[in-house]
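Have a look at these structures, which come just after this line.
Note that chain A is present in both complexes that follow, paired respectively with chain B and with chain C.
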Partner chain A sequence: MSSLPPQPSTPLSPWGLFWKRLRRHRTAVAGGILLIFLYGVSLLAGFVSPYRYDHLDKERSFHSPTPVRFSGFWPAVERFRKVSDPATYEAVAGDLKPLKFLVEGEDYTLFGLLHLKRHLFGTGDPDYPVYLLGADQFGRDILSRVLYGSQVSLSIGIIGITLSFSLGMLIGGISGYVGGTTDTLTMRACELIMSIPGLYLIMALRSVFPSSLSSTQVYLLIIVILSFIRWASSARVIRGMALSLRERQYVLAAKSLGQTPLRIVVRHILPGTFSYVIVAATLSIPYYILGEVVLSYLNVGIQEPEASWGLMLNAAQNYQYLQDYPWLLAPGGAIFVTVLAFNFLGDGLRDAADAKAG
Partner chain B sequence: MWTFTVKRLLHLIPILLGVSLLTFLLMSLTPGDYFTELAQNPQISPQKLAELRAKAHLDRPWYVRYGYWLSNAVRLDFGYSIAYKIQASELIFSRLWNTFLLSLSASVLAWSIAVPLGIWAAVHKDSVADRACSLIAFAGLSIPEVLLALLALMFAASTHWFPVGGAQGATFDLLTPWEQFCDRAHHLVLPTLVLAASELAGIMRQMRSNLLDTLRAEFVTTARAKGLPEGWVIYKHAVRNAINPLLTMFGYSLAGLLSGAFIVENVMSWPGLGRLTMESLSKKDHELVVASVVMATALLVIGNFVADLLLAWSDPRIRLK
Partner chain C sequence: MSSASSPAPSNATSADATPPLLDIRDLRLDFMKDGRALRAVDGVSLRLGAGEALCLVGESGCGKSVTALSIARLVPSPPARYAGGEIRVNGSDVLKMSPRELRAIRGGVVSYIFQEPGSSLNPVFRVGAQILESLKLHRPEAANEEEVLRLLRLVGIPAPESRLRDYPHQLSGGMQQRIMIAMALASHPRLLVADEPTTALDVTIQAQIIELLRELRRQIQMSLLLITHNLGIVGDLADRVAVMYAGQIVELAPSHTLLSRPLHPYTRALMNSVPKLKGQVGRLSAIPGNVPNLGSFPEGCRFHPRCPQARPDCSTQSTQLLEVEPSHWVRCPYWST
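Our next item is the complex of A and B:
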């Protein structure tokens, strides 16, 4: 190691600097890698999960988690037998069944077009179920449902920020650039939306639509409602940035060239807000994840038999169940890990975008 | 200061009017009303139903009903709740008090722990304890309130140290005033802890970064150069300046606090405004929903107003602008 860092021959571009600072942020890198893993698993949920989300096994209601044992060096699971009737299970010592990889099981659809039957792992024998995280009231595998549920939770944030930040950027940019009555009216609307405590407004908006919707419809509805509330805060910040950006020379130049206001906003003003938008968007993804969780938990979100993390936590609201079958809280752990990863990444992005932090 | 106060106070009126109008409109768009379910009952004749609807003004267009509602609401009279069969004002104010109590105790707890912890972390920057604090803060920011509330319920159910949900015991009315107070306080502990835990992390991180920024300021260098003891420099000079931005944060954090209270109330059956909103939504008592939402908004905007006043009081540049 030399005492002086080597000087780069050409100065880095702003984005290059941004990446360099981001890579130095260890927790942000860890969060990013974790997220890539989670998204990968979520895309392949059908393949990775041993069962389908709606695989019922009424005989194994509240089956306890089956730990992975080893027979020789090969992973295996024990057979469990019911000890008493509502639901107490006990491992039968020595009765092991080796795990098989790429085992044939229930059919599923990958990426919406591939119809497959092979699963990453399983025993291939219905008498030896693999419930790594236990089973719920209907004997459905919790791990499989967590994986299928991740498709809801992980996509809802991405679609949500795309929608709300497009709205916020467009409305905020125009409002700041045009000014006058447009500006006053938009900002009053933003203030109105922001002065109602979030969940109260979400619930009021949700109740306008019938409660019996299909899960796909509810999914879209949740995104629209959450974005409808969230655009206001980003619009306000972007309006403030647009107010200062519109005085810049390059904007005046574009104006004197006779470009239309919309073009100036989209092509010249909004690019100046990108670094803020990327950071704020990453940090607001947890809002969408948690919003879906609360709505589904309160029974006005995703409906059975579909899987969603909030809906699965709803099964844990009976504290008698909670005491006897604590594995029902597994989706809560999944929410925690995902939100933590987003917070780590967002925090690193914020530091990297903040030039004065170096 | 007086003109500032009056100006900000007048600003609250259009917001509350707008919110009540918006919620009323949303509720009038909601499919069905309280009597939709009654219509299934063959024992109730359509004439009787029409009569009941007319009595609740439900046969009139929404703007007429809004007019009725508003003219009463300005006198803090929210009418008669058709779902609960009691005066809505009574219900609303008892729920409002519960939500206020929960939010207040959680805020007090969170702030009184977070501010000293943030100062301590900033002073011992980059020590092992500081890193541990920052990791715990990240965990606190990321743990969903639903999960935390469920864990608290699980804890209460397995240890029997705390009641499992609710705001008062079954024998509450038979107790002496002092026992009643203890009973309420006992019920308040777990919801407060859950709500404060999620607040705490954000405040601590903010306090830490504010103080770190201030410690880099030139007046701190000057104070050190004068030879003041380090404790004096930190607590007398830096901390006082670092606390100011927290007042702004207090205003911003209120919305999150009330949303958090909404979750805690619903998971831990704490009878506050959030729970009332969910109950009256499912019973389709729409005017009660409007009243709860407006009251929650009032709590938020008044809280913001208080934060603004505190800020103006501590920073003359704001009130003179």
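Our next item is the complex of A and C:
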């Protein structure tokens, strides 16, 4: 029986306890790791994807996915032959081209700074395309477009919650702390915003703006619209928490030291709401991802030739296409996995934040 | 009877030249409930000079805390409403101050420590950061780690360097109260208001905190307003004692006079309910009944339903706070019996 090293006697900080409980939650850890992977790949989309999002190949419209074969131990792809004209392809047996790694291909920009040519993998031969998830109507690689699209779809949630929760925390915190008429007016305004049917507001707001906006402008517009609808509900919850937190004695103590009301809200009221905010924010990221999907699906979001998951699904809405080219649903799979990962992580965070359940 | 509303200044000679540090005159405060005004503080007058220590004693719900919190106007209003009177701090009336002036008074002139040290510290910040926050507000030039360490040493925290980065929950109640005192002293206040600073602590820790307060008063010239319902610590700390009952001061005297010769029946009853070390051991005597609820104070003397010496006219005749002996004020016409 080896003697254990003496344990540190100091109890864990609130964050330490939170972290410890979170790590015990298997699905949350899995969701978290998956999300780190997805965001990492999304940042490196130009490098990981074999093609650019706007790489056209009219000759290979609706090209079927090219499975990875092995020539010896080295992975390779087969050459495909067009069988009939509305796009049916057939592998040419035995005509293999080995995959190359760090192969030279089309130009891309990484992190908006680095202009590079090398891609993670590819054949380097235009006659042997790599379409791991097939191609769309214009012969664009779906995998590449899913990866480029993830830059829009994944970042929209993060920026969206940052906007809506900062607004919600500040307004809810002030409303709850100050109380009285301020509180009444703010909360009625929140209820007003919450009572507007969101989808119609989005459509209406979108139609107010000119249709010739660039994709970046549309992207920002979507975030602002979605956050504008969303902040009110978080403001209401935070206001409720502020109502209880402002009765804490440390708030009175801060006030007795002559602290300004705004600093009391920011330093002493809002930190008490963090455990709620982290959980609620994680669980509401899917709302933004799906919001973008809906908008792009309705043709008021990201415009071609840029890629986003919603826009790509828009191309898959034709029943005939779906039957013949089911790989067009790949972005749907990406949405499914991402939303599920966020919900798993959010569940774990909620359990970890709720000390009684631990 | 005009003298009745302004009990004796702490120091008669300094009263004319410079205004006393704290001068509460005929303070009246209501709590509004369902459109009805419930009087919680009714005509309290107090003076406190620089370096003086005053103790405010009474049962729960008699208006001690509300009076003390009013000095920096910390009673939330609504529901509270000031119905009259003045609270002069360094000669200017707190009740007429703008929010900016009030923030300068809070911490700058008057600092508070509260009953539950554990809940007075923000659980999510390290204690060093919380003391630093107090420094940044009132003495930004001294907002550095050395000053925080000096304050921690001043309030008797051993190995302050290792405590700086602790969270409040890592400290014991006594340590937490010392941190609170360090925070309150960081701004160099002229008056420290201690609202039942030892009630939530163990008896041995209580004694340490009281000893610390007394030591601090000796080291830094600071006035002290101590609120307690523990008569045992009155004699240790206070120069004068004010006993409150149902929103009024019923007796005000130098502490040794009050402890040796209490005149008001309520003060006597309070002192009889403290266990004694000497003499016959029997049941503790308790004061029968409860403090009347706000808004239902009895007519006449407010103590008469519980008073062992009550006479028939006590329920009709209203009472005045009178100076019956030099610097000894009593609100009972039958004090001599």
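Remarks
Quick note on the criterion: the second predicted complex is superposed on the first by the 350 of 358 C-alpha atoms of A that agree within 3 Å, B and C clash if a C-alpha of one lies under 4 Å from a C-alpha of the other, contacts with A are read in each partner's own complex, and residues count from 1 in each chain.
In the analysis below, a residue touches a chain if its C-beta (ideal position, glycine included) is under 8 Å from a C-beta of that chain, and two chains touch if they have at least 3 such contacts.
Quick caveat, the model's predicted, so the values are computed rather than measured.
By the touch criterion defined above, A:259 reaches chain C but does not reach chain B. In the superposed model, A:112 lies in contact with neither chain B nor chain C. Taking chain A as the reference chain, the count of touched residues is higher for B when chain B and chain C are set side by side. When the two complexes are overlaid on their common chain A, residue A:250 makes contact with chain C while staying clear of chain B.
Of the two partner chains placed by the overlay, only chain C lies in contact with A:13; chain B stays clear of it.
Of the two partner chains, chain C is the only one that A:271 touches; chain B does not reach it.
By the touch criterion stated above, A:313 is placed in contact with chain B alone, chain C being left untouched. Residues of chain A touching chain B in their complex: 27, 188, 191-192, 194-201, 203-205, 207-208, 210, 286, 290, 293-294, 297-298, 310, 313, 316-317, 319-320, 322-323, 326, 329, 332-333, 335-336, 339-340, 343-344, 347. For chain C in complex with chain A, the residues that touch the partner chain are 72, 74, 78, 102-108, 110-112, 114, 116, 119-125, 133-134, 137-138, 166-167, 169-170, 180, 183-184, 187.
Those residues of chain A whose C-beta lies close enough to touch chain C in the complex are 10-11, 13-14, 180, 248-250, 252-260, 267-268, 271-272, 274.
Across the complex, chain B meets chain A through its residues 14-15, 18-19, 22-23, 26-27, 29-31, 138-139, 141-147, 150-151, 153-154, 156-158, 164, 255-256, 258-259, 262-263, 266-267, 273-274, 277-278, 281, 289, 292-293, 296-297, 299-301, 304.
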